[in-house]
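Take a look at the structures listed below.
Each of the two complexes below includes chain A, the first together with chain B, the second together with chain C.
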Partner chain A sequence: MRATAWTALGDETAEDVASMDTTIREILADSGWLAVDVAALSDGDDLYAAGLTSHGSVNLMLALEERFDIEFPEQLLRRRTFESIAAIREAVTGLRNGTAGA
Partner chain B sequence: MSTETQTAFRDALVAHGLLIPMGVDGLYGRSGVFEDVVERFDALITQWGKDDGAEVMRFPPALNRRHFEKSEYLNSFPQLAGTIHSFEGNERDHQTLLQKLHDGEDWTGMQRPTDVVLTPAACYPVYPTIAARGVLPERGRVVDVYSTCFRHEPSLDPARMQLFRMREYVRIGTPNQVMSFRRSWLERGKLLMESLGVPVAIDLANDPFFGRAGRMLAANQRDQGLKFELLIPITSAEKPTACLSFNYHQDHFGLLWDIRTADGELAHTACVGFGMERVALALFRHHGFDPADWPQAVRAVLWG
Partner chain C sequence: MSPPLLRRARDAGLDVAARHADAVDRDARFPTEAFAALKAAGLLGAMVPRDFGGEGATLADIAAVCHELAQHCPSTGMIYAMHQIQVACVVQHGQQSAWHRTLLERLAAEQLLLASATTEAGIGGDVRSSSCAVEASGGRFRLEKNASVISYGEAADGILVTARRTPDSPASDQVIVAVLKDDCRLEQTVGWDTLGMRGTCSMGYRLSAEAGIEQILPLPYADISARTMLPTTHILWASMWLGIATDAVGRARAFVRSEARRKPGATPPGALRLAEATTMLNQMRASIVGAVRQYEEALGDADRLTSMGFAVAMNTLKVGAAQTLVRIVEQALLVCGLNGYRNDSEYSVARHLRDAHSAPLMISNDRILGNTANLLLVHKDTMGLFG
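So, the complex of A and B:
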């Protein structure tokens, strides 16, 4: 489902994706919410398994909103929205393209 | 939930002398009859929990402010917390305070926070206490606590008091120990309450976390099945009242207080909580305002 939503968006370039990934990784690296080095994580790795707590995921949500100037709608305020770098990228991209929760 | 039903039940409890109004919503005195029911239910919990070999700890209804600050309660429930403030001024400040009081002005600005915070849930003092003892024994620990708790949520609903009593068993150990404890209490809690002849249902639940961040914490809690409640209709059939709760905190408190199992892993924790006033109210609601008239089977369970 995630792959479908991602390819359906279409208007992001490879550069946009790379830059967003870098920003997401920066936020995670600066936060101290993870118990492991962010560089060691692949895009699909489970951030909760990497030490992200419930309160950590709330702070991550707020940091993403500030950095990308977005607001997560109610239906995205869930654990799985922030479960991996790929999931976060999908949610942020969706919000920027106006297809939130798609 | 209809506030008329809530006030009608509250008024009836007051009229029967069971609750003594104090002029603030959610703050009540209780009669001897009410207290007898609470004491008998308390003894019944002890009976159902005796095989757990819990260590009894009784704390005053307050926490060390440093422990409270570290607990992250303010992250989740800033709206419910109650802190204790006291006057710490000199004689001149005292005169100012009295003048403000006399003039009907706000005198509370003269108050300063003390080292004491009201207990929001009976288990809060347990975690720093257990952490201070060092690594857990192989079998982990089970602690029995009972405390008056404060939550700032004034309500007309007599089942939502601001100061109420909570009895808890707290399990601290490995994820397996903690999950099997919760599973066992989900069964025991239901059987215990059914023995009292009240209609019960168990449902997934979430805590009243504050704000948008709170909606996310609540969704997380539900997604992961961390909280269950035993519900009994008291002032509404559609929205029954949570009288017991069964909570799995994962490693939240283990991480905060660095509690370690014998293997050196972060401890997981769980608790079962009994809302003492709520259970008493449920009994009065379903069996009548005079325990002498309650069904014989229920009386036998409570009074032997």
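So, the complex of A and C:
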């Protein structure tokens, strides 16, 4: 399933960013990988401190790949990529724009 | 100037550790004599950087020492390996903290011995989860851990303990703290009368510590684990296991040679199995050398060290080395036959076999395979032949 609002690659509008944030938060909330309420987290909060495990981050990645129709390249498969909602958004945006890992 | 590290290790291994290895195993006692010799030779603090009074030995140097010591007394080799894993964590992640800089100086000057308390009752070998927590107040903290295994806890001068960051933290949000002998009380909960690795004295304890919050290593344990503890553990354990395998194959070779001498002209039947065991030994050695190279290339690059590819590489080293060790010793036993099975023969591999069986359990291979299987859902192998 591909979110149509993002099919035009390039400059994300503020709305796109907000919508992507919502989707990332939905994935996190549905998963049960975090030990805290996602609504209580700010964009920059450390997800690992919120209970995200290595096992959880793999599943998070799979869910992001499915939802955004992207594939994480090997160089993004590291701890830092999934450390916060902002970091995830940056990685996903980069992949959608073809600038990931640059 | 003192002789090179490996020479000093060989001397301590041959002259001291080997002489007491049977008693250490039989009585399940700490290898006191071997550790006195290792301290006297300055081998405990060897990895401490020169700026702090150590020798700045590399992980490769230390791996070679583990391999050497384990050929003479596996318990000595394993204790040495476990100590150096803790030292590596302080060397890599303690230098920006004043308290840990002093600890580094003491490790070099006093040749302190460090133990590890990661395993916890109810959690087992899942090192990335804790139930106990650091309770901080007014610059001090308290910590109670039902630590089901702490090797050489009584002989150690300090222990690195994992715990949740705060009583409200999730199980995976851990820190690691260095507590010294005077900071903690150990109340034994379970003994260590085991099949092998008997000299490691890996008893269970209720650990109660009270110390300054500056003793908590600043980086989250998740990072310390991925960047240093996991790779150094698997590399040093595997190196030490290679030492057990090397000695078992050495005995099998000696047995085959003595057979060959008795009947010149006819290759003894065990020679073929010896060749097989040697093939596995070389594979095991190559996998360790490859992992050490990968670690040294990634050293200092946090992104590479916390990448999934690196974790997969270190996990597979551990699982492979543990499995291969057991198979090599079993082959050596088949070569030597009853002479290998006897405890009192010069070709005995009985202790080797008992010690070897700890390897797949020490952080269960199944647990590590499960973890690797999870990483493989997303990891892609993009490595060339030479990395």
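Basically, the second predicted complex is superposed on the first by the 92 of 102 C-alpha atoms of A that agree within 3 Å, B and C clash if a C-alpha of one lies under 4 Å from a C-alpha of the other, contacts with A are read in each partner's own complex, and residues count from 1 in each chain.
Rule of thumb we're sticking to: contacts are C-beta pairs under 8 Å (C-beta built on N, C-alpha and C of every residue); 3 or more make two chains touch, one makes a residue touch a chain.
This one's a predicted model, so the numbers in the text were calculated from it and none came from an experiment.
Mind telling me which of the two, chain B or chain C, contacts the most residues of chain A?
Counting contacted residues of chain A, the larger count belongs to C.
Counting only touches as set out at the top, which of chain B and chain C does A:A18 meet: first, second, both, neither?
neither
For A:S54, select first, second, both or neither according to whether it touches chain B, chain C, the two together, or no partner.
both
For A:A29 in the superposed arrangement: first (chain B), second (chain C), both or neither?
In the superposition, A:A29 contacts neither chain B nor chain C.
Once the structures are superposed on A, label A:R79 by its partner contacts, choosing first (chain B), second (chain C), both or neither.
both
Considering only touches as defined above, state whether A:L62 meets chain B (first), chain C (second), both or neither.
both
Same chain A residues contacting chain B and chain C, which ones?
Looking at chain A, the two contact sets intersect at 53-55, 58, 61-62, 74, 77-80.
Within their complex, state which residues of chain A touch chain B.
53-55, 57-58, 61-62, 74, 77-80
Note which residues of chain B are touching chain A in the complex, please.
72, 75-76, 212-213, 215-217, 219-221, 223-224, 252, 255
Which chain C residues qualify as touching chain A in the complex?
Spelled out, the residues of chain C in touch with chain A are 128, 165, 169-173, 220, 222-223, 226, 302-304, 306-309, 311, 371, 374-375, 377-380, 382.
Would you mind writing out the residues of chain A in touch with chain C in their complex?
Contacts found on chain A: 34-36, 48-55, 58, 61-62, 65, 72-75, 77-80.
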